[in-house]
Each structure stands twice: as C-alpha cells, then as structure tokens.
Amino acid sequence: MAQFDSKTVKTIGVYCSGGDAPGMNAAIRAVVRTAIFRKLKVVGIMQGYTGFLEKHFVPMDPKSVANIIQRGGSVLKAGRCLEFHQAETRRVAADNIRSAGIDAMVCIGGDGSFTGADLLWQEHKLPIVGVPGTIDNDIFGTEHTIGFDTAVNTALDAIDRIRDTAASHDRLFIVEVMGRDSGFIAVGAGLAGGAEDIFIPEHPFQIEKTIEHIKQSMARGKMSSILVTAEGQKPGRAYDLAEAIRKHSGFQSKVCILGHIQRGGSPSAYDRLVASRLGSAAVDQLLRGVCGVMVGTRGEELTVVELTHCLKQKKHVNRALIELAQVLSN
Amino acid sequence: MAQFDSKTVKTIGVYCSGGDAPGMNAAIRAVVRTAIFRKLKVVGIMQGYTGFLEKHFVPMDPKSVANIIQRGGSVLKAGRCLEFHQAETRRVAADNIRSAGIDAMVCIGGDGSFTGADLLWQEHKLPIVGVPGTIDNDIFGTEHTIGFDTAVNTALDAIDRIRDTAASHDRLFIVEVMGRDSGFIAVGAGLAGGAEDIFIPEHPFQIEKTIEHIKQSMARGKMSSILVTAEGQKPGRAYDLAEAIRKHSGFQSKVCILGHIQRGGSPSAYDRLVASRLGSAAVDQLLRGVCGVMVGTRGEELTVVELTHCLKQKKHVNRALIELAQVLSN
Amino acid sequence: MAQFDSKTVKTIGVYCSGGDAPGMNAAIRAVVRTAIFRKLKVVGIMQGYTGFLEKHFVPMDPKSVANIIQRGGSVLKAGRCLEFHQAETRRVAADNIRSAGIDAMVCIGGDGSFTGADLLWQEHKLPIVGVPGTIDNDIFGTEHTIGFDTAVNTALDAIDRIRDTAASHDRLFIVEVMGRDSGFIAVGAGLAGGAEDIFIPEHPFQIEKTIEHIKQSMARGKMSSILVTAEGQKPGRAYDLAEAIRKHSGFQSKVCILGHIQRGGSPSAYDRLVASRLGSAAVDQLLRGVCGVMVGTRGEELTVVELTHCLKQKKHVNRALIELAQVLSN
Amino acid sequence: MAQFDSKTVKTIGVYCSGGDAPGMNAAIRAVVRTAIFRKLKVVGIMQGYTGFLEKHFVPMDPKSVANIIQRGGSVLKAGRCLEFHQAETRRVAADNIRSAGIDAMVCIGGDGSFTGADLLWQEHKLPIVGVPGTIDNDIFGTEHTIGFDTAVNTALDAIDRIRDTAASHDRLFIVEVMGRDSGFIAVGAGLAGGAEDIFIPEHPFQIEKTIEHIKQSMARGKMSSILVTAEGQKPGRAYDLAEAIRKHSGFQSKVCILGHIQRGGSPSAYDRLVASRLGSAAVDQLLRGVCGVMVGTRGEELTVVELTHCLKQKKHVNRALIELAQVLSN
C-alpha cells in the first residue's frame, strides 16, 4: 500500500474509464461532494485517459453533480484509450495533470483503467485511488462493482419478459448476457430468472446434462425452458450454443442477445449506495496519504486493496450457484 | 356484417392465435367474465388452432382468470397452425368445436388468425368475433391492437438505456425493433426515444439525408446518435443499415436487436384498458347475433369492422411522424 | 378562432404552468426544435406566470432541450401564480413579454393556465396557443392530456404491488389516486388494475352495491379486494370511504394514498408521442396566424379547439368503464 | 445449535409468517425443489401459524412452484396469529403438524415468526430452520433479509418521481418509508435517493441541523429538498416532522407516505438470489440434523445463527450512512 504526502493535496481529479456503468454518476457525485466538504477543489477529466491527453479538464462544484445520482452513463463520459499502453503517452498525460494543478486522482473503472492508474503512480508518482466501476463484476478484491447490480436486474427483466413468450409458445430460449470473459451477470440473472442452465465463459459447453434436463422437464409437462449464457470474448456465443443443442438433440431454440441495454438505465439502489460509499471512501484514502489502492466491498464492510493485487488475481464465479440453478429449475 | 341467430348461444369459446402479446390475458379475462355475467358458459381453447384439432378444451370460470390481468403472455397459450391452410383440417376443427358444444367464439390475434376465423364462418357457419391482439399494430380497422402500447414502451425503455451509453461514449447506435413488415413500433419508439431517424420496412433505406443529419449534429457538438429501424421480413436489417452507413460515410455504429423482450412483460394500462373493453365488446357483439367482424378502437370509441375488410386493406404508418422525428432531433 | 398577423413573429416564448406533468419536457423540446427549424428564435419563461412578472426569461437553443425527452418534471419549472387573477398584474406581464421581444407564445398546462392565456390574448393581444399538459386529463376538447398516460401507469404499478399483499393477507385495500375533482386516473387505473369498484368525485359514494359485490366475491372464495377512489377536492377521501364501508358492513380496510409519485417519472411512450406532436403543432398554428386555441388529440388525429370552448365545457368520464370494471371483477 | 436425528425426515413443511415480502415465493420454490431433489416430500402450510391450527396443508410438487420466482407476495399466504402466544395453542399446532406427517419445517418470516418457531422446538421438539423474510431488514445475524432490496428499490423509484415535482416546483418534500421501528429502508432509500437528511426511529428528531442544511442549500440556489423518514411505531411520523420543521423555520413541506406499495412487486435480482440460496440452505441444514437456527448472509457467504441469538440481539443501522447522506447532499 503506497503512501504519499497528502498535506499538499489541494485539488483532486476524477475520471471514468473503460465501459460506462450505471452508478458511475453516483460515484462522481460522491467524490466531488466529499472532496468539497473536505475543503478541496475538484477537477473532472472527460473521456478517461483520452481527456488526460487532450487536456479536457472541467472544474466541478456541488451543482455540477446535482440531480445526477439517478442517471445512467457518466457525465464525465468514459472510454478506452489505446495509446495509453505507451510509456511516452503516459508521460505526456502526467505532465498535463500536473500542469492543471491536480494533485491526486480518483479513477472509476475496471481492470484496464486500473492498469493505467497503477502505471501513472509507478512511473510518475501521481497518487490515484481506484473505484471499481464495471457491469461485469470481474475485479478481484471487491464483492461488488458499481453497475453490476443494475445490469443483472436489467438482464433479469428481459428474461422475465422472454419467459412470457416461452411459456405461451412452449419454446426453448437461449438468452445471452454481457460479461465478456466472466460469468457473473450470467449466474446472477440466470439463477434469479429461473433458468434451466447457465453457461459461463470459464467453462466449455457441457450440453449433454442440459439436454437430459430439458427432456426430463418435457416429460413432466414443462414445455418451455430458458438457458442463459455469458457472451464470452465476443457477442454471439448463444448461436453456437443453439447449434450445439440442435445437433445433439434436434431441439430448435430462439436466441436473444440482450446487448447494450445492460450497460444503461437508472442505477439500482444498491449500485447507488455502493457508488456513494466508495466514491467518498476514495477521497478519504487520498486524504490519509494512501494511494495505489482500490476501495471495494465485502458484505457491508469496505475494503482497501492494493491495485497490483487486484490486477494479478482473477475473481472466480461461485460455481455452486450454477448447480443451484440446475436443482431449482427441476 | 354477418348475422346469426344468437338465441341458441349457450357456450362461448375463446382462443389466442399467432404470436403472443401483452394484454391477451386481460382480453381473455374480459371475455370470460362478461360471458359469465351474461349467463353463458365459456370454454378456453388452448394453443390457437392447434387446440381445435387436438380438442384441447378447458372449461373456464371466473377464478380461471383471477389475477391474470397484469401478466404478459397468454394463459391459453398461442401459436401458429400451418395445417389450417387446408380446408379438410378446418372441417375437422369445426366438427370438434361443435362436438364440444361451443356455439360461438372470440378469436384474439392478428391477420393470420382472422383469416382462419373468417374461413370457419364462410365454410362452416361458426360465428366468430375477432379481437385485435398483436404487438405489431398492423391490423386495418383499429387504431390500436392489444400489446402494441406495451411493446413500444419496452422498446423505448431499451432505447433510453442505450442512450446512456451512446452519450457516454459518443457513439452511433442502430436499434432494431420488431414489427415484421410494418413500422408502427419503430415509429412509436423512435419518435418517443428521440431517434435521429427511423427506418421502416415500407420504404427502402435513404441514408444520404440521415448521414447529412448526423454530420450536422456532430458539427454542433452532438457526438452521439440513435437510429431506429423495424426488422422487416426477418431480423437483422439493422446490420444492413450499419453496413450501408459505413460504406457511405465511414461511420462505425453499434447494432442492438431488441428481439423477443418486446413480446412480453406486464401489459401497460392502455393495453389492459383496450383489452378489457374489446374482450367485453366481442361477447356483446355475439349476443347481438353479429359475427364475421372485428371490434377495434378509434380514439376513445369502439368500432366494429368486417373481418374481410380488415384482411383486404393495409394499415399505413403515418409518415408525418417520421419527418417529425427528424425535425425534433435537430 | 382568433387570427393574428404571423408574419412579424420572430421569437416564440414557451412556458409551463400549473402542476408539472410527465411529458412537459418532451413538449418543450418539440416547441423549441420546431420553432428553430422554422427559423424562429425561442425564449423559455421560467416558473409559469411568475416568470412573466419576474422577467425570468432564458434563451433556448437546440442543446437546451437535448436529452430531456425522457425526463419527468419541467426544465422550465411550473407552478401557480395567484396574482395573475388581477388585471393589473396581467398588464405588467404583457409589457414584460413585449419588452423581451417575444411575439407569440405556447402555454403548456391545464385549465388555470389557459384562463391566463386567454386573458392575455383578450386584454393585450398576446397570441398564445395552448398545449394540454396535466396528469388529470380533465380538459375538454382533447381525449388525452400530456402526463395522463404516465400517471395512470404509475398508479397501476402501485395497484399491482398492493395486490400482492392484498392476496397474501386476504385484505380489502382502498387505493386513492390523484385527479382532483375528476375521475379519469381513477377509472383508468382502476379498470386496468382489476379493481372491484371505482369511486369518482363526480358521484357520491354508493357503497351498498360495492359491499354486496365484495360479499359475493368472498362467498366464492375470493378473499381480497381492491377499491380505487379519486381524491376529490382534497386528499383523504379514501379514509371517508373506509369509514363508510366499516359502518355499513364491518369490513376493515387498509388505505393507500398514492400521492405525488403520480406526478413524476420518465414519461410513457404515448405521453412523449403526444407531447412531441402537440408541441410541434402549436408552433405551426402560431405560424399560420391562429391563436386563442388549444391543440389536442382525437384518436390519432390532432384537433384545434378554441380556448374559450375548452374552458366553458366540462369533460366527462365514460361511466360505462366503471360498470365494466364491476362486471370484470366478478 | 440444536441437533436432531435427520434420518427419519421424510416430509418437510414450509410456511410464511408475518408480513409478506417480495422474494418469499422464490424462497418457497427453493425449499420445495431442493427438498424434492433430495428425495423428500414437501407440504405447504397456508397462512402461517393460522394454517397450523386450521390444518390448512397443501402437498407441493415441482409444478406447485413453477413460474412463481418472479412474483411478489406469497403463494402460501402469510399473516400474524395472535393465539400463538398461548402454550396450549402451540400444543395443538404441534399435534396437527405431527398428524400430517410433517417431520421438519422451514419457516420464512421475521422476528415474530422465529419466536413461534423457537417455541415449537423448545416445547415440542419440532425441528425448524428459519429463513429471514421481511422488507424491514431488522433481523440480527444476517446482513440481508428477503424483500429488503426490493422494498428499497420501490421506495427509491418513488423518491425519484417525487424529485421531478420537487425540482419543478421548488418544494420541500418529506417522504415516509416503511420499516416499523428500524431505519434500514429509510437509510438505503434516502442515501440512494440523494435525500438531504434521513430520520430513523432509533433517534429523536434533531432538526436544527437539517434546517440549517436546507437554508444553506437555498442560499446556493438549490430550491428543492427531499427528507426521508422511517415510519416508526405507526405510519404518520412524516406529519410530525413536517410540523416540527414548520414551527422551527416556517418552511412548508409536502408529505408523501409511501405505504403498502413497498411490500409488493416482482422481487429484485438480489432478493431472488438470496431467497434461492437461503431456501435451499435451510433444507440442507435440516438434512444435516441442525435446527433451531436461521440461515442468513454475510456478503457472499451464508451464515447459520441460533434462533435464540437472532431474537435476543438488535441489529443496528450503520449511522455513518446517514452522515454520508448529509455530506453528499451538500
């Protein structure tokens, strides 16, 4: 856990990076208002690391973040910045930050964002605290990332709707949710949505058991089923699954790829609560002279974890929940 | 408008046919409870015309439809029945209906369903009144079909979510909604969603104007745009549109195909209201000895239109609404 | 229908007045963007007639109304202004408007707002077109007012939630909805919500029939019931109803007063559609030199009605819908 | 932690008691399907302890719980049973349970329900495992109770709606949420809703600071504010708060009592997830011969806590969250 001299901190920067997630605005609001309450100034950096390079800096006051706690997306925008992989680019970025009078920063984002933040500290001694913001929930060191709860509820709402048609037409549906190479959304929405089975990128398809399960359900008179799959490296995995099922069983299925609706929408209560707590805690860590860390959650407690630790470890889906989904859909 | 002797009607049948639509349950409830209130018996026919052939008949009482007004899908299920194109099949169906003691019927569905209903009357003198139930709103003779309002709101909710990400990432999104070869959902959700432009199956893409529009928006600093397209004959039209735009302008876009989520969900107030009124009115028409008609809406009034009339005419999208969307997204 | 010389119109004012309603922002957006598309300037007047007096004028450009179509409330605020009952106040208001270079206006509001608008035309020849915006739907000359559809859906969502508890605890609930002295929300939400009975301010309680109805339901095994009542002149009518029922039957009931949640929230698709059409049509009427009118809806068509006509007549609830609710809850 | 011989367990009973909560159905489904998967029989007991006395027992199979995971309320109904305070009543209840062949039970409910469960074990050696189901979240030994997350989101949705009107009319609103004598819902919804201040039953009103806070907000140009209060022993506390504020400051406020809408509605993803896990875990505890305990959550882990421990201790609201709300609404 890195330490720096926080007495000289007069101005804090805040930015979002990577994909947007519902609750990022609540986190920005918490950073801004906590910092101002602690007599600091705050500068917003637009569009993540791109804004570092383009000097897209905006002074923030309490009104800048009025009436945004309930909004999806990010008023500071977000986005990836490929040039940031180059050391020279990061040097320019650090210079720009220093020239703007920004003494320390809060980075709201995921793994890629934290890698950049970690390098800015290692190479240029810019003190940064990370706040986990991604719908994918795939960050080690925190049980919950901002946006995950909303994304699961959005996917669940879609599954509930699809079930209406599945039941009315005795059909097999395959619903593909987001999450890239991790299965948290799939497991959360699948279990809550009463899915027959859940497929996550961490594991190859094992469809024999699923087909057996569906056949038993049909034998008992349950003519409709819903399977949930995470997208994996790129959208479209549901089509592969549908084809595999057709080949092994002859069952026709309908595919629904939920896509970008999962990234947006008014954040859930829990995402707003976590965002508010973590955004505020990030400022407090900086004021204690702690940086190079991420603040996270473990149940109702907050945690502080070194960024390098978050980046090296992989967070695993609780596979017992997939087995539970299978038992409960019997 | 065909007439029959309604004095002998003791038992009414009710069925849903075609794709399911939110509000069908409210319509079923209205048919059942109105009929029972008028001292008739009611039989539910499961799975549309398939149920006619498989004699899948269920007696209905007031409790059969308790607590369903708020549910999507159809407790009587729905579905298409290709064999019904054959006269011999219809003869068997008519015999089965008569043997079950069903004297007259209410058919909840769309064009295909009404074609079957019309033939059952023409060929076998089975008195049927149609209730327009389809999310596509593509039935001539009624301003509103049951399920349309809910589907538009579901699509709109998705567009609202996508806008969060579009705005946070300065992106162009193309959202594909349902509606088969008609553009009602696209126009409703597109205009209400603040879309830059709306593409309907009734017309080929004319993207020059759209691209010009987007360029002007960008020049004014509006970096994100949403286009809405109806699916057309088969899902995937949004990909063609994205490719056409890329070719003409170099703009990259993200495609979201909303798909089956639009068919489900708890029906909106308006869909429940219309379903309740039309389901009840259908029974009343039968009791007056009127059949071979569809009951529909014109503003707050109910209409009665001959089925043959509904089937021959095509209902057109109000193109002024597309132009309005273009003006309002400036 | 009053006429004025529209050739001199260069700048249009727009304001909201009375209670806020979901969709007002969509109407403001439509006024602003249509006017700018027609090469006019637009000025927003804040806080209704109060803003006339305090010269609270804001120039509007297309960006002023970006990203507001989905938001409840009004970016121009709203509110009542009691001083406007005095002729002298109106004279000052008219002078302020003229001094600000505003040539014609669009007023979004209800009866009270239109009274003010009518007087400004009668007394000071300020040309105004009205757009009906109120959740109460109590304006003669239009089937639909902006905000009504959203309010009904909000009330319905609450009734659906309450039904869960009513059914789980075998209870009688009385739900009070808004609408002041008109019963449109009560009828819409009550019928769509499957209420046993609906009470509107236009009629005194007649509870014998209701109690009989509930007793019959209980005899058939239906142990929970929901009654819906409009608030009437002031909130709390539900308590009177509960007491009357207790006295006549001994039945205990739970009262839920939905209150202000019905005024807010993201507008429904239909409210946004109507708001967009009417806001745009209001500008077009002004450009044709027509004023002293309200634009409204009749089914899918738009109507143009003299303000004096709207103000003199009372719009009546369709009582057949209350009877339908009684039949369908049997 | 009590132990019993689980080898003789062939049939499990399941019941809900106390107020209903969204997610109870998901818990019932989990109990039924897990038990059947483990080769047990399951009997549902209707209406909580009342059903024990009236022998209202229903055999459950996998289909009994089909398509209920998404529904609010409880298919087994719920309710309080005052007679259960008498030892003689409990003796009759225990006899009825034994006569019905029920060997062990899962009780879904809150403090009152667990008191009954504990006594049935102490007095009659009926093995019971508790599952925490109440929107109030006031049960010691678990971070989360089933229904709490949904209730907070319902309250939050209402606050979001009210904020639209508050902002449009520059008003002070006081929103009263449920929770009886505990403040969990108030804190969750208040913090997530951006409330200026939150009042919980655990503490007397201290409104000087609140009034100061509101005055400062107004001085900065923020003319609308929302306060959230828990109901306390009986609904209506918001009126007392409004009166106290009026007396001390002259500020007028509008009161909204959210009431019973907070108990219903389709459960959130998290409530369904927790309900599924806890319902299943309760059966597994019984099969291990453990009883007299409640299963609960601590973050992502499940806990097992003695009922007597849950009943003796009081779970406290994290007061830091109230202070955070004050900081963040500055």
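Worth pointing out:
Just so it is clear, A, B, C and D label the chains in written order, and each chain counts residues from 1 on its own.
Here, a residue touches a chain if its C-beta (ideal position, glycine included) is under 8 Å from a C-beta of that chain, and two chains touch if they have at least 3 such contacts.
Keep in mind the model is a prediction, meaning the values are calculated, not measured.
Number of steps on the shortest path from chain B to chain D, with steps defined by chain touch: 2. As a whole-number value, the distance joining the C-alpha centres of chain B and chain C reads 28 Å.
Chain A and chain B have Cα centroids lying 36 Å from one another. In this assembly, the C-alpha centroid of chain A lies 40 Å from the C-alpha centroid of chain C. Contact of a single residue of chain D with at least two other chains is seen at positions 160, 163, 167. Taken as a contact graph, with one node per protein chain and an edge wherever two chains touch, the assembly forms a single closed ring in which every chain touches exactly two others.
Contact between chains, using the touch rule, shows up for A-B, A-D, B-C, C-D. Across the complex, chain B is touched by residues 26, 29-30, 33-34, 36-37, 62-63, 66-67, 69-70, 143, 149, 152-153, 156, 160, 163, 167, 188-189, 191-194, 220-222, 266, 268-270, 272-273, 276-277, 280, 297-301, 318, 321, 324, 327-330 of chain C.
On chain B, the positions that touch chain A within their shared complex are 16, 19-20, 22, 47, 71-74, 77-79, 154, 157-158, 160-165, 167-170, 173, 254, 256-265.
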